[in-house]
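The same chain A turns up in both complexes below, where it pairs with chain B and then with chain C.
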Partner chain A sequence: MATSAPISRRRASADDPRVILEEQVGVFEPVPPFPPRTEREAEFYTLGDGEMFLNMGPQHPSTHGVLRVVVKINGEVVTDLDPVLGYLHRGVEKLCENSDYHQAICYLDPLEYVSALFCEWPAVMAFEKLMDVTVPRRAEYIRVLSGELLRIASHALFMGWMALDLGGLTPILWSFIERDEIVEMLGALTGARMLFNYYRIGGVNGDLNHEFMSRLGDWMTRATEQHDANVRLLNENEIFVRRMRDLGRVDRETALRMCMTGPNLRATGVPFDVRRSHPYSVYPELDFDIPTRDEGDCLARYLLRLDEVKQSLRIIDQCLNQMPDGPVMAKLPRLLRPRPGRAYAAVESPRGQYANYAISDGTDQPFRLRIHDPSFIHLQSVGLLMPGHLIADTMAVMASLDPIMGGVDK
Partner chain B sequence: MKRATRTLGVGAGDASQMPSDQPANRRGALVPRQRDALVEAIVVPNTLWEAADPLAYGGGQPTEITHLRELELSSDARRDNGRWAATLEIIPTKADYVLDLIRANSLWPLLSGLACCAIEMMSAATSKNDMDRWGMFPFRASPRQADVLIVAGTLTTKMAGPLLRLWEQMPEPKWCVAMGDCTCSGGRYKRSYSTIEGIDRIMPVDVYVPGCPPRPEGLIYGMMKLQQLIKDRRGHWPERAIGPTVPDGV
Partner chain C sequence: MTVVGRAWNRLSLPGKLFFTLAPLLLVTTIAVIAILVIFGQLIVDFLAANLPIVRFVVAVTAVLLMSVPTAFLIIYMEMKVIALMNLRLGPDRVGPYGSLLSVVHGLKVLMKEDFTPTGVDSIVFTLAPVVVYLASVMSLLVIPFAPGLFGQDLNVGLLYFFAVGGLSVVGLLMAGWSSFNKYSLLGGLRSAAQIISYEIPLTLSVVGVLILAGTMSLNQIVLDQRGSFLDWFAFKQPLGLLIFFIAATAEANRTPFDLTEADSEIVAGFATEYSGMRFGFFFFAEYVNVFIMSALIVSLFFGGWTAPFDWPWPVHIELNPGGLGIGLLILLAVAPVVGTLVLAAPFWVARSSMPAWQALIIGFVLLNLLIGLGLFALAFLGWEWVVGLFWFLGKTYGFVFTFVWMRGTLPRVRIDQLMGFAWKWLLPASLLNLFVTAGAVVVLGR
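The block that comes next holds the complex of A and B.
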């Protein structure tokens, strides 16, 4: 069967939902755009002396999902590259416009699927701003607690992937042990392991329960020890450190110019953290540091995430000590119709500033929900970071930026 | 009812002989074969089904080969798809069953994650839920070395072409596992303009593992079902077809 065979799909007619239409959808062929559509494409798809193209993806074991990168190489050295996106474009923003405010949250989960709670959080905050809802303090503490747990899981996975892209298999086994413990714990709290749909408008869906608390207490007794073991696993590995040092260096001005946020920006020495710069939830009541590093290379980005795990552990400890009693859900009508208006909310996800901009037109569905995803912002800087490095290092640079393709393609 | 007239003492129509008098029907005519006796596996002509595209299966020529040993030496068996005889005109019996037992216990999946389910697929492969214990582990990065395509994650229209190309690059025998709601039926993105509502619209699927995403144990259960399927089917695939699974009018 040829790959260009048409795909038929069935959908309800717009006029009468009982009428099922059969329509043919063509399959996309991933070919370079000829004739080129822009000057940049014309320049990129013209080969210089001794240059050749190398196609990586969309099925490539180390591209963290379905990213296709067309690399122009001269010998072993990368001279230019062209990321091709859209292999995971699911039309989330459009789906959100056609569902009511509660339903929209469930479409947002699979964007940053490694840290799904951070996709719900800004949307929920933006909707709460639209509706002037005050969230109970206990719910805010539970949000911070579960969010920081998930940040540790996400950074643990980052450590494993980083090493896997450099050719080491052991760290990913270690990181999945840690991630599985946290995710099982959150599964006891929320009912799902990955796509939680736990934060609701006005609070969270369900209070802390016994199984979650016992698992959390069990894990907390050895979390610091386990983290130190993870740190020792790679930080003293000379091959790893020497390979990562001076790789994919980005200076402070470039990072700011490319709109980098999160650990990638803090690794260049800018102490910007949404939790501190634009405080939300109960973060002003909590005591934590913003670790920074000055080098701005892959090693700095890697070490900075390990430092962040320690701060997250501190936050979790304080959350458990300061957790107030009370309800976890504000009293709200079932059908939410906010007044017409606009609201913006941003949180600090493990990858950087994750923001949502919601527009309400007075109906029960959001008129528009714009998703600002840090992975997409960081991916645009690979064109600056990679040229001049070897082919084998391109995936290490990509991994150190930690993009998640679900968030890039939305 | 009048009996047909039969002559006496002439061959098979001899009326003096009852069916129970035939040599094979007498008591003690069949004795158990000795345990260490060599058995020649035979090849049964296929009268059950035929190829829709005869060119795909050795030109659709009926075979006259009756023994596996002859089959091995013939050009019919010297094909690239790893199965005894490429033609559909014969049903290999014992050897293929044994080979399927071996295949079922050494499934090599393709390392191809599309979206969220890929993380749970990796979780199923790592230490806690070690898929290797049932012979499902060695994830291959190249489709030419893989047996099973685990489609983990939402399939979009843009990714459908590359995924089909991956599937076609995998050598026979090959199997497909649809992991997650998105690949089974469209899941939570069914209403989207850019997703394919179930991968069975573009490729055959052997096992569906629902869940959003399914737990690693769920994937392992699905793979064990696939192993059972491989053993049960004994080398033939009559119901394997591409097509929408949604019944008419839904």
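The block that comes next holds the complex of A and C.
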């Protein structure tokens, strides 16, 4: 048995970088593709003087899912890195092409699993544009209400993760209390805690119920207080601030060039928010600010998200005050066959602009559904932000960009 | 299968254990008694002739045995305290309030597979945890726990402490280098850089105390602080205390200086490839280190085993069991029964729904508590070393709690900030402290 050598040990030729690496440093090196597909790859997998590879992930404790980062280090300093994606690829876009319009929505939920409503939202908006459906105003308010609640939950999780990646144990458990209360109340509203499948084409799946309202009212009385308590844990901590300031700094032009959106872009001073710049739903009727910061470093990205939570609380308050009565679902035929055409819809998710582009060919299944995920877009800038920093900071930079690997790999 | 074999198979696990251990115990006891009868006089003579060596062996054994329950206690304390700070429940299943969980952890690491990965340098890999553990346990030898209760009263005690404590970095470096893992290598190198950098302010900050006390023996330093708490060196050396505390945190690899095992950066640092009891040695050594550092802070700056105020202790209670004669025997036979009944009665009367046996159990537990407290009070009043141990452990666990508290509160610093802080701030500050102290001693006298 087992007479043939395993494929990974097969020796191609003497100038195969795999062979050279094996002889130089050992068998557990990251195996570069051979022959190298690009010049960049050939350059990256050539070790300079005093450099070594460090393979972080896909099972590293703090890569936020299954991201693999091959880091080239000189001592503790990261000189270069190569993010490797695809460990969570499920072919969601292709799955959506083979299901009808209603079924497609629940495939989109697990993409950004900490803020799943924002994956459904652009899809239903795009489908509604294809079908010329008018959503009842009450349904729009419910969408905004639940969406902003989930934005707070997502930012709470970000706060905790940020601290955990810098070695603080306590904040994640404090902020999980906040997140868990929100997720439980959304569970009462939608029937699920994480993967909701709540927004439907033409409205939402069910009106506000008593349990949700009582939990929400209970929480709103102490939401600000709770948030401030969580914020006080870290915001003025000298160690935390010194580590985050000037770390992973990105200026306005670079951020725009790297197609950053959301809090990461606003932390560089660009007041771009899809809710204001390309208004959708009932956001034009609501009064809220777009917080911005000019520093563009990790601390700015962190603090900006904390400011956003306060704005979200304002929006929730207004939603509850202005919510009209009426139906929560438009009248729709049972089988949806939109006319052939194309539709694009974008929302402001907690991570940035989350957009869907749907093409219909007149059948009951979307011909194509393209998902634009901000986590994926933001990950392309890690190669720009990390080199020159220390190993400890790679995780802090990664956490401050707040990527969700479910959405990156689709 | 024979009759014996079938009978053996029918036994349950406790039965098998009993029938294995009981004969062994019997044989061992007989052998020990025989040896004592035959060679007893010889052994006593030999021990009397080599008393310092005997004392050393006994002290080493005691310290080695003491280190394990100390580690268990601190691990439990850390789990519970951090859980409460995190608004969690923490351990609450094994034992009262989950207090046996760390013991169960210890048993778990003992029973796990002793795994050696491919490619490691197996001799160095095996020796590394032993070196680390021994380095921490041997430091315990010079710490004065109470008057007369110490391993060795070396006149260079503090020097011995720093010398032996510095050995642990060799073990960490060995672990990091031999593991054949880049995370381990980074962890080992980080620990070498960190511990060597912080040894310097750690040692220099103590020199002020040495000048004031005029000796390096920890016993003498403690005795020098006798009196009220105003005589503690903490008030004469506040800067030294601060530097020593920060450097001790770094020496013990505790948050915010726990870079060697930073789980979010380099997985588990030097311990990445270790499992089973080898990992257990690292784990125990870390917590024994916490105890040692706390004990040293207490001994150097907070008066060690001395009471914080003039305690009116000389209450000498003469225990003379022979004088009580037959009365003592009757007391021993009757007192537990009567005490249990008396303590159980109120519960049984007040709660009519409570069965009598439950009330009796409560009464028995209360009686035991009372007797334990009474005995402790007697010992506290009667014996100086119990008082000393009480104050010493009280102060030490106060500092252990501080270390745990910092772990629950602070994030981790970065390696360049860590090194910069040691060389740019702590070292000049400790030198300043040294010069000011020396100048003051020259001008004002001790």
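As a working rule, the second predicted complex is superposed on the first by the 379 of 410 C-alpha atoms of A that agree within 3 Å, B and C clash if a C-alpha of one lies under 4 Å from a C-alpha of the other, contacts with A are read in each partner's own complex, and residues count from 1 in each chain.
Just so we're on the same page, a residue touches a chain if its C-beta (ideal position, glycine included) is under 8 Å from a C-beta of that chain, and two chains touch if they have at least 3 such contacts.
Keep in mind the model is a prediction, meaning the values are calculated, not measured.
Peer 1: When the two structures are overlaid on chain A, which partner does A:R242 contact: first (chain B), second (chain C), both, or neither?
Peer 2: second
Peer 1: If we overlay the two complexes on their shared chain A, which of chain B and chain C does A:D393 touch? Say first, second, both or neither.
Peer 2: Once the two structures are laid over each other on A, A:D393 reaches chain C alone.
Peer 1: Given the touch rule stated above, what does A:L173 touch, chain B (first), chain C (second), both, or neither?
Peer 2: both
Peer 1: Of the two partner chains, chain B (first) and chain C (second), which one does A:P374 touch, if any: first, second, both, or neither?
Peer 2: Neither partner.
Peer 1: Once the structures are superposed on A, label A:E76 by its partner contacts, choosing first (chain B), second (chain C), both or neither.
Peer 2: Only chain C is touched by A:E76; chain B is not.
Peer 1: Once the shared chain is lined up, is A:M52 touching chain B (first), chain C (second), both, or neither of them?
Peer 2: The second partner, chain C, only.
Peer 1: Please name the chain, chain B or chain C, that touches the greater number of residues in chain A.
Peer 2: After superposition, B is the partner touching more of chain A.
Peer 1: Check the residue A:D165 against both partner chains and state whether it touches chain B (first), chain C (second), both, or neither.
Peer 2: A:D165: touches chain C, not chain B.
Peer 1: Using the touch definition from the top, say if A:L234 reaches chain B (first), chain C (second), both or neither.
Peer 2: Touch partner of A:L234: chain C, not chain B.
Peer 1: Find the residues of chain A that appear in the contact set with chain B and again in the contact set with chain C.
Peer 2: On chain A, the residues that contact chain B in one structure and chain C in the other are 26-28, 60-61, 173, 177.
Peer 1: Okay, in this complex, where on chain C does chain A touch?
Peer 2: So the residues of chain C in touch with chain A come to 82, 85-88, 119, 180, 182-183, 186, 190, 255-256, 258-259, 262-267, 407-417.
Peer 1: What residues on chain B touch chain A, complex-wise?
Peer 2: 111-116, 118-120, 122-123, 126-128, 141, 143, 153-154, 156-166, 168, 188-189, 191-197, 201-202, 212-213, 215, 244, 246, 249-250
Peer 1: Within the complex, which stretch of chain A touches chain C?
Peer 2: 26-28, 52-55, 60-62, 76, 163-170, 173-174, 177, 234, 237, 239-240, 242-243, 390-393, 395
Peer 1: How about chain A: which of its residues touch chain B in the complex?
Peer 2: Against chain B, the touching part of chain A is residues 1, 3-4, 7-10, 20, 25-30, 58-61, 65-66, 86-92, 94-95, 98, 106-107, 110, 113-114, 157, 172-173, 176-177, 179-180, 192-195, 405-406.
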